[in-house]
Every structure is written in C-alpha cells, then in structure tokens.
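Next come two complexes, and both contain chain A; in the first it sits with chain B, in the second with chain C.
Up next, the complex of A and B:
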C-alpha cells in the first residue's frame, strides 16, 4: 500500500507540473540555448539557412553606429527615468501614508495610469503633446511659450515625451509597493523621533528612507529591468521607425527591427538581445550593491 | 502646532496636484473622443465639448471594418489565456509545494530562472519555434508561449506551502483521490490567490502589444492594442484624434470594470503574498 501511494504521489506530482515544464522548457529554457545558437550564426529567415560566423555578430555590436545610438538612447532613458520614478514613488507613498482624509480616493485615482495599456497610453500622450494639443495650448495660455513646439517630430523632444509618459505610468505601481511596505514600519519609531523633536522632513529622511531600503532595492531592480527593455512606447510613438532621426530608437526596438525586418540580421539581433541582458544584469547588480542591503528575493 | 497645520495644507496641495496630473490626461482624452475633429485641431482646453458628438464612436462601431473584431479578439485571447494560466499555474504551484517527486528541485530552479530572464532574449527563439510549429498568424501564437507564468507559479507555491494540511487529510480519509482533493478542496480554497493572479494575467493579456504585433499579420486578427496602433498610421500622417481617443477610451473600459470590482486583489497582487 505505501508503495502504491508513493507511486501515485510521484505520478500526480509530475502530472500537475508537466504543462508548466513543457511550456517553460520550450519557450524559456530551450529558447535561451536557441538564442545563443542563433547569435553565432547568420540567419536567412526565408531559406532557413544558418551560417556559423563565430563572434562576428557580437563584434558588429561595437562597430555599428545605429546600435551605438540605440544604446545611448536606452542608457539615457534608464538614467533619467529610474531615479525620478523611484524618488517620486517614495515621496508620494510617504505623503499618502500621512494622516490625511480621502486616502482611498487618492490611491484609486493614482493607480489609473498603471492599468492603461501601453497602446492607449502612448496615444493619449501623443495627443496631449501634439501640435494643437493641450500641453502646447496650456503653455501658450500661460505665456511659457511664444509658439507651439512640435514635440512629436522634434528629435530633441521626442524621447523626453516618452520619458514623461513612462514616469507617469510607473510611479503609481512603485508607490503602491512602497505604501504596502510602509504599513510594516512600526509607529513607535516615528513617535520616538517626534519626542526627540524631529520635523516631518527629518522623519522622512532619517526613518522612512532607511526603513524602506530593501524595498528600494526591489523597486530599483524592477525599474532597471523594465526601462532597459523599453519597446512598446517607442514603437508606437515612432510607428516602429525609432524616429524622428533615431531619437526614440531603443535597443529593444532595434532588436525587433533587425530580427524581423527585411535583412538577414536575425543573428545580429539575437547577439544584441544577449548583450542587453548582460548589461541589465550588471547594472542591476551594481544598483543592488550601491543600495547596500539584502534584496527581497 | 501651527507648523503642523501648514504642513498638512502642503500635503493636501501635493496630493491634489498629483491627482490632477494623473487625471487630466484621461479627462482630455475622454473629452476629445466626444469632440469633432475640427474642434480638437482648433486647440482649446475645454473639458466639455462645445458641441458634443458621438460621431467618433459611431464611426468605430458601424463604419470601421475591424474595430468590433479587435475587441472580440482581445477578449477571446484574454479569457482563454487567463483560464489556462489559472489552472496550470495553480497545479504547478501545488505540485511544487505539496507533492514529493524526484526532479522537483530542478523544476523549481528552472522556474526561478524563468522569472529572471529578460523577455528580449526569448523573443527571437520563440518566434522561430512558433513559426516552425506552423502557428504564425494564429491566436495560439499569442497564448501558448505564455500559457503559464513563472512568477505566479512561484506565488501559488508560496500559498500552498502555508496551506493547512489537515483539510486535505480529512478529504483523503473521506475517500477523495489526489485529483479530487486538488480540484474540489485545494483550488476552491485558494480563491483569493487565484483572483489575484487572474486579475494580473488578464490585465497582461489585454494590454500586451509586442506579441500580437509580431505574430498576427491579418488585420482581422489584430488585438485591440495593435488595432489602435495601426489606426495611427492609417490616414497618411493625419491622425484622426477623435477616433483614436475614442478607441483608447473603449480599451480602458474592461480594465476599469475589473479594477472597480476586484480592487482589493490588485493591492494584494502587488504585495505578492497571495494571502487573505
């Protein structure tokens, strides 16, 4: 009897986990190996011909000018968006955690951008920043501008619009993570600080921020991983071109274009995706070390 | 004491300011969808249209060839994808938490790796695999590679590790087999965790852009997100803001309904504990 029971336990164990094993086995595990394989080859998608070319695809990453532009755009994007979204999320969470009225209503409104699809989000922002759109009108009415700016077609503004959009849509998500963590900070710590005569700003800087450090690590990692892979918003904004003048060309967008465009550059795209992942891992590691605390995982 | 009052006012100004910053884009988008095209391009910051019209919505639902199809496509993909995820993730999580079999640790490590791999790396091999399976331009291409989700398998495993054993043992004594115990006891009792994952998986499918863009070539098969994106380039550079905004507003409605009805599960999902 115990033998039979044991047999059924193993049987059901595998039975229950097997769909996940099959899907993740094919579309993640085997795919990682496949991606590495493709990155060492020149691939002709139409004839299905793979030619081994060693490290050529990787070497090309460091010589290709478009790739350089894409990496510069992406790094600029990460460097601007991640700190702003983290600090803003932390501040808004602390404000929401204070004893205020209408907390739930504020929280419900704040969360809306996180729910919006990248497609609808990008459309709404493109409308806001269009030539006759509300942002231009508002700036004209307040005499901040003499004439409307062509945000969408001006290379010096396009990426900034996407940055604003990304910050706007990710802050509420991270704010909610911070807010959840703030519930675990004991009130007595704040009360003790109050007795010692600490003001609100001091309490925020010397209690809230250090207490939330592990969460900040998590938020930074999520932010870095997300922003480095920016695709949807850049694609929709530029209709897939990365324009105007390559100003919204991100690494993920360039990977997509090289992989599924007209040229035989799928291997090159695979190499670029792998390098991007390595960059993400390194930057995440550094960010975690800089924040000097144990991560949540 | 006076300082404190001033500070409180300052907090409210920050809160209301940020709420306005969050809300006005939606408000303007919504009002643009009820304005005429000429009123939109004429500028003007009025929230209430001078002459409100539902022409944009009418065009989408009656004249537009595909718009209704896109909504249906998105719904079908969301419902099938979410159902598959809920069952398969829960089963896998349960198996990893509760059952003992050789190779379990290996499977668990594979799931941890899956959580960490950037999606960018998987894009090209996934496309080649989908293509060789003959699934290009089918809904299966959008659903199958993400029919399970490593993050939520992990979450369900955490849930079932803390799940009381005695309920299951009682059911076993009553003569229920493993399958019966899981589908009639363990899964129904995991309702909160399952609701949390459903909400996020549904949201993920509904908002997904890259995969349908890559796999679905036929405009009649587009999802709503891809459809909205193609509306942008349809009129050779002149964007029909009224229609695009109306379509964006419509794409928000299902999510808003879910958000209002299942609000508490959103917050739990973000905490990722899956409890209570």
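Up next, the complex of A and C:
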C-alpha cells in the first residue's frame, strides 16, 4: 500500500498548488516565454505578422544610440540611488530604534512618503523644483543661488530631481525593514560591547551594521530591481518623452515607447526588456556576492 | 473514507477552477487570441445581423476616454436618446490611458465595437487595419468641415466620423490686456515691445505669455509657406532652412524670456497658469473655456483668433471621431450608432451638453454656437486650421522635437543645431523601425 499512499500524497500536493501554478503559469511564465519568442521576431500584433529575424533586435540594442543613453541613464540612476537609499535607511532606522521621545510618531511620519502614489509625488516634486517654485525661492533667499535654476528643463538637473524624489519616497520603506530587523539584534551583544567600552558610533559600525548584513542584501536587491525598472516617475516628469535631451530616458520608458504609441516595434521592445532583466540579474548577483555575510552566527 | 475525501477535493478543485475561469476569462483570452483571431466568422455574423431589420435588444460597446462631468452627462444623454429611438443598448467602456489600453484590447480581440479615434492616431490605426471603412454618403460627410472630414481619410476611404473639434485661439486676461492693443501678428507679439510692456505691469512670478514646446501647438506656423515637417512620408524634416526660419520668432522670444512654458511657472498646462493669473496671454484650445468657467469663474478674459503668421491666418485643429472596430460582430448597430451620434440630433445633444464645437456645419447653425463670443474665434479657425495629424511617425518626430527644444531656450544650442539634432535622432529611430 505505500505506493498508493505516496501517489495520493503527490496528487494532493499538486491539487493544492495547482491554482497558483495555473495563474502564475498563464500570467507570468507564459508571458515571459512569449516575450522571449517575440524578441526574436519582427512583430505586428495587430495583423498577427511574425517574421523571424534572429538576433537583429538584440543587435540593434547595442548599435542604437537611444538605448545606449537609456542604459547609461538607468545605470547612473541605480549607482546613485541604491547606495544612498540603503545608507540613509539604515541610519534612520538606527536613530528611530534608539530611546527617543515620540519615536512612534516619527516612524509614522517618516513612513508617509512611501504611502504617497508616485504620480502624485512626481507632480509635487515638479512643483517644488519648478522655475519659480519653493526650492528655487529658498535657495535665492538664502543667497545660495544668484538666479533660479531651471531644474525641470535642464538636462543636467532633470535626472537628479528624479533621484531625489525616488530616494525620498523609497527610504522609509527600507527603513521599516531595517527597523524590524533591528528588533532581532540581541541586546546581549550591545551589552558586551558596552562592557568593553565601545561608544555609540562603534556599536553602530561594528555590531549593528554586520548584524544587519542579511537584511542589507535584501534591501540592496530590492533597491536595484526597483531602480532599474524606473518608469512612472520618468514618464510623468517628461510627459513620456524622456526629455529634456534624453536625460530622463530610462530603459523601461524606452521599452514602453517602442511597444506602444505609433511605434509598434514590440519585438525590439521585448528584446530590450529581456536585456534589462539580464542586467538586473547580473548586477543583483554581484551585489549579493559582494555583500555576502561571513558566517555571522 | 479516503476515497470520499479525494473526490471532495477534486470536486472542490474543479469548482474553484470554474470560478476562476468565469472571473478571469476575459483576461485569459487576451493572451491566447492574439494572432489567430478569426475575422471571417465575424463578418458572417455581421451580415446575419444586417439582414434582420430590427436591432432591438442588441448591445453595443462604445469605447471612449473620460472627460469632465459635462461631457459624461452629455454622452449619457445622447446615448439615452439613441437607445430610445433604436432599442440598441449601449455599454460604455471608459479608458484612462486610452491609446495604450485600446491597442492592447484590439490585439486581444476584446476591443469595443465603436470607439473614439483621435485624428492624430488615425493613420496608425488605419494602417493596422483595425478600422472599418465607412461610406461617405451614408454618413453625410458633405455636411462636415473639410479638415475634419479629411482627418480620417486614407486613399479615398473614410475610417472614422468626426464628432467634434477644437481649435487654438489667443486668450487674454482683461485685467492687463485690451483687445484693441493685441498685435495682429504673432511676430509682433513675440518680437515687438508688446510683451515687454505687459510684463512691467505684472507682479513677480507672473509671465506675459506662455507657450508650449510641442509641434501639436507649433506646427501651423512651423509649416508656414508650404514647408512640411515630414519628408518622404515618414522622415523628420525639422532642420529645413525655412522651417527653422519659421520657428525663429517663437524661440527668439523664449530666449529673451518674453514667453515661458507653463512648466517654468510651476503649472501643468497653460489653462492652469492663466486661471491662476500667472500669465496674461496664452494660445489654447476651446477645451479651456469650461475649465476656466468651472475653476476660475472670477477671471475675466477674452478670446480672439490666433494672430496671423507671415501674413497668413493659421491655427491647429484637433478632432476626434467615432470609428468601427473591423472585428465587430455588431456592424449594423455600430453604423446606426455613429449615424446617430454624428447626425444632426445626436451631435447637437453632445456638443451643446459638453460645450464643444460641432463638426457639422448644419449643426453649427442649428445649435447657434456662434452666439457665444468666446467660441466664435475658435469656429472661425475651423476653416483655415492645420489638423494635428501627420502620418504614422509623428510621435517619434515630435518626441525628439520636445526633447531638444529646451536646449535652445537655455542657450546651449542654436535653434538650427537643436532642430538638426532632433531630426537626426528621429530619423535614425524611424529608419531602424
């Protein structure tokens, strides 16, 4: 009878996971497979025209100046945003974990930006950084600037505004994750350090940071994935053009522009999306390897 | 005992799956039907319907984008009248990101029977073959303004029927500007002393005039003198010497900071800046009328026709029409709907309710829209306006134009260089596609 028993066990197992498998299979796996298929074709989805063109779409990615700009912008964005948001989140979490008055209120306030929709947030930041907006006014009044900067239309500032916006809105989320992880750091370690005469900074650098390494890996990965896929803020900021002068053109935005609108180059868009996911995979892998915790426990 | 429980579980599983397929069926179909949508069987259905004279009890899906409250109410009223007279039920499908969502549905085979077609996107949809050709006489196209009718024409066939239109006109705030003082030409406004004098009366943070770095707004003077922004049907022609010449007055004024974009002032668009009295002049479409009335009732303003450019009258016209999905199963009902919506009665209901301009000349007369002095300049424009539509590559061309326009104003590039750059970038994309 054990054979039969085993059979039922397997059957039960499949039955229980099947709803998830079916849904994921259709909406995730099938979509990915279809995207890969499309990326090797010249496609018109309206007329159902598929022409196999091998690696042409992929080759175009490496010869096209637009895609080069988009990848450069995105990589710059990731390189700036991810370290800053991780470090800021860690510091803020450490501060909020300390015994300060009204820390619950602070936590709630700090968490608010994450709850704001990124569309609304972008509009607010565009107002703040507009030519006659508060940021310029403040800088002028404090004599930091001689004349207002056109943040939104100057290619050397546009992406930086989006960076600031992105950091501002994502830090609280990661801060919350760090805060949760901090609850797991045993007090005994800190006590031992105190006995050895460590000060606050030393405790933070030599206990908190290493203890949180596994969480840092998670935060880094989430940050890298999130920033590489930057779309909505760049789209709203530039009205979909990626301007001024391609300075806010991200890979995801370029994928969108090639897939929809009048372009209808779905194959090229799919190829670019696949290259983007490969890049994300590689960068995440490197980040994770670099941050590998030397056995903590 | 065990067997029973297995049956129960299998039963529950099947039940759950059935439930899933009911609620998710539509989406699941999207992925499957992409390429093998049988169009033949549909036409067979359609002819079947056509042979029946009564359309009573049919349901027609109409896709549109959301508008303001007045538009929604007017559309509803028009639909009610239609249902009362034909017995065809209309189901609305309202989209937010219209062209993206509609394209997905067209590909997936779930698009509505009748949908809004923006003249700007019409060449693209016509090229993809998703629109049914419509008969000129059946829809009384002789009653329509010429530019509006032709916006949906390709090779002698009409693919959508214009439902209303908007043109650009010059708006001025009466607090600072007298109608009689407004110069008669755009060159005088931009390059004369008018704006400089006006600026001195305004408070800090306000601009004399706003403008847009967008071919949708700039094209009619960019193309002045018979030059086109497109050459060889698809390629960008922005660096043409005459075109550069045509755009020079605008960018000279922008470089001199006589005119600014609404974004420079911290607003999303001209209407917002004008309503907040942060700009005294703007060139806007008639959609701004309802917006100002609703949000800024205290602002006193006037409207005049867009001033001439190089001695010629010009403005842009934007129109949207109703088109029929080439894969519809309700072709007969769809035609009846469009005939009603773009006919004298339906268009009158829609345009008076929504406060938009009727595309038909007879409805313009019948509804007496010309009694509204604020609309007269817009209606006058319909006769000589340039439609905002130019082939299937305008998206790319305009994108690059908007991309490089700011560098002219910042002084980083001359207009010449920027337009050359915009042209080259656009053409390399168009070529690769």
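Criterion: the second predicted complex is superposed on the first by the 268 of 297 C-alpha atoms of A that agree within 3 Å, B and C clash if a C-alpha of one lies under 4 Å from a C-alpha of the other, contacts with A are read in each partner's own complex, and residues count from 1 in each chain.
Simple rule for what comes next: a residue touches a chain if its C-beta (ideal position, glycine included) is under 8 Å from a C-beta of that chain, and two chains touch if they have at least 3 such contacts.
Computed from a prediction, not measured in an experiment: that's the story for all the values here.
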{"item": "Partners on chain A (chain B, chain C) - clash or fit", "value": "clash"}
{"item": "A:178 touches, of chain B and chain C: first, second, both or neither?", "value": "neither"}
{"item": "Touching partner for A:151 - first (chain B), second (chain C), both, neither", "value": "neither"}
{"item": "Touched partner set for A:77, first chain B, second chain C, both or neither", "value": "neither"}
{"item": "Which superposed partner A:112 touches (first chain B, second chain C, both, neither)", "value": "first"}
{"item": "Which of chain B and chain C A:92 touches, first, second, both or neither", "value": "first"}
{"item": "Touching partner for A:127 - first (chain B), second (chain C), both, neither", "value": "both"}
{"item": "Touching partner for A:265 - first (chain B), second (chain C), both, neither", "value": "second"}
{"item": "First (chain B), second (chain C), both or neither touched by A:241", "value": "second"}
{"item": "Larger contact residue set on chain A - chain B or chain C", "value": "B"}
{"item": "Contacts of A:26 with chain B and chain C, given as first, second, both or neither", "value": "both"}
{"item": "Superposed model, chain C segment overlapping chain B, candidates 8-16, 44-52, 80-88 or 98-106", "value": "98-106"}
{"item": "On chain A, positions contacted by chain B and by chain C", "value": "8, 12, 15, 19, 23, 26-27, 30-31, 34, 123, 126-127, 130, 132-133, 239, 260"}
{"item": "Complex contact set, residues of chain B against chain A", "value": "3, 7-8, 11-12, 14-15, 18-19, 21-26, 28-29, 32, 40-45, 88-89, 91-92, 94-96, 99-104, 107, 110-111, 113-114, 117-129, 144-148, 150, 153, 177-179, 182, 203, 206-207, 209-210, 213-214, 224-226, 228-229, 232-233, 239, 241, 244-245, 247-248, 251-252, 255-256, 259, 263, 266-267, 270-271"}
{"item": "For the chain A and chain C complex, residues of the former touching the latter", "value": "8, 11-12, 15, 18-19, 22-23, 26-27, 30-31, 34, 44-48, 50, 60, 64-66, 123, 126-127, 130-133, 150, 152-155, 239-246, 257, 260-265, 268"}
{"item": "Residues of chain A defined as touching chain B within the complex", "value": "8-10, 12-17, 19-21, 23-32, 34-35, 38, 92, 95-96, 98, 100, 102, 106, 108-113, 115-120, 122-128, 130, 132-134, 136-138, 141, 168, 172-173, 176-177, 180, 199-200, 225, 228-229, 231-232, 235-236, 239, 251-252, 255-256, 259-260, 266, 269-270, 273-274, 276-277, 280"}
{"item": "Touching residues on chain C, where the partner in the complex is chain A", "value": "2, 6, 9-10, 13, 16-17, 20, 24, 28, 31, 34-37, 99-100, 103, 106-107, 121, 124, 128-130, 205, 260-261, 263-266, 268, 392-396, 399, 402-407, 409-410, 425, 428-429, 432-433"}
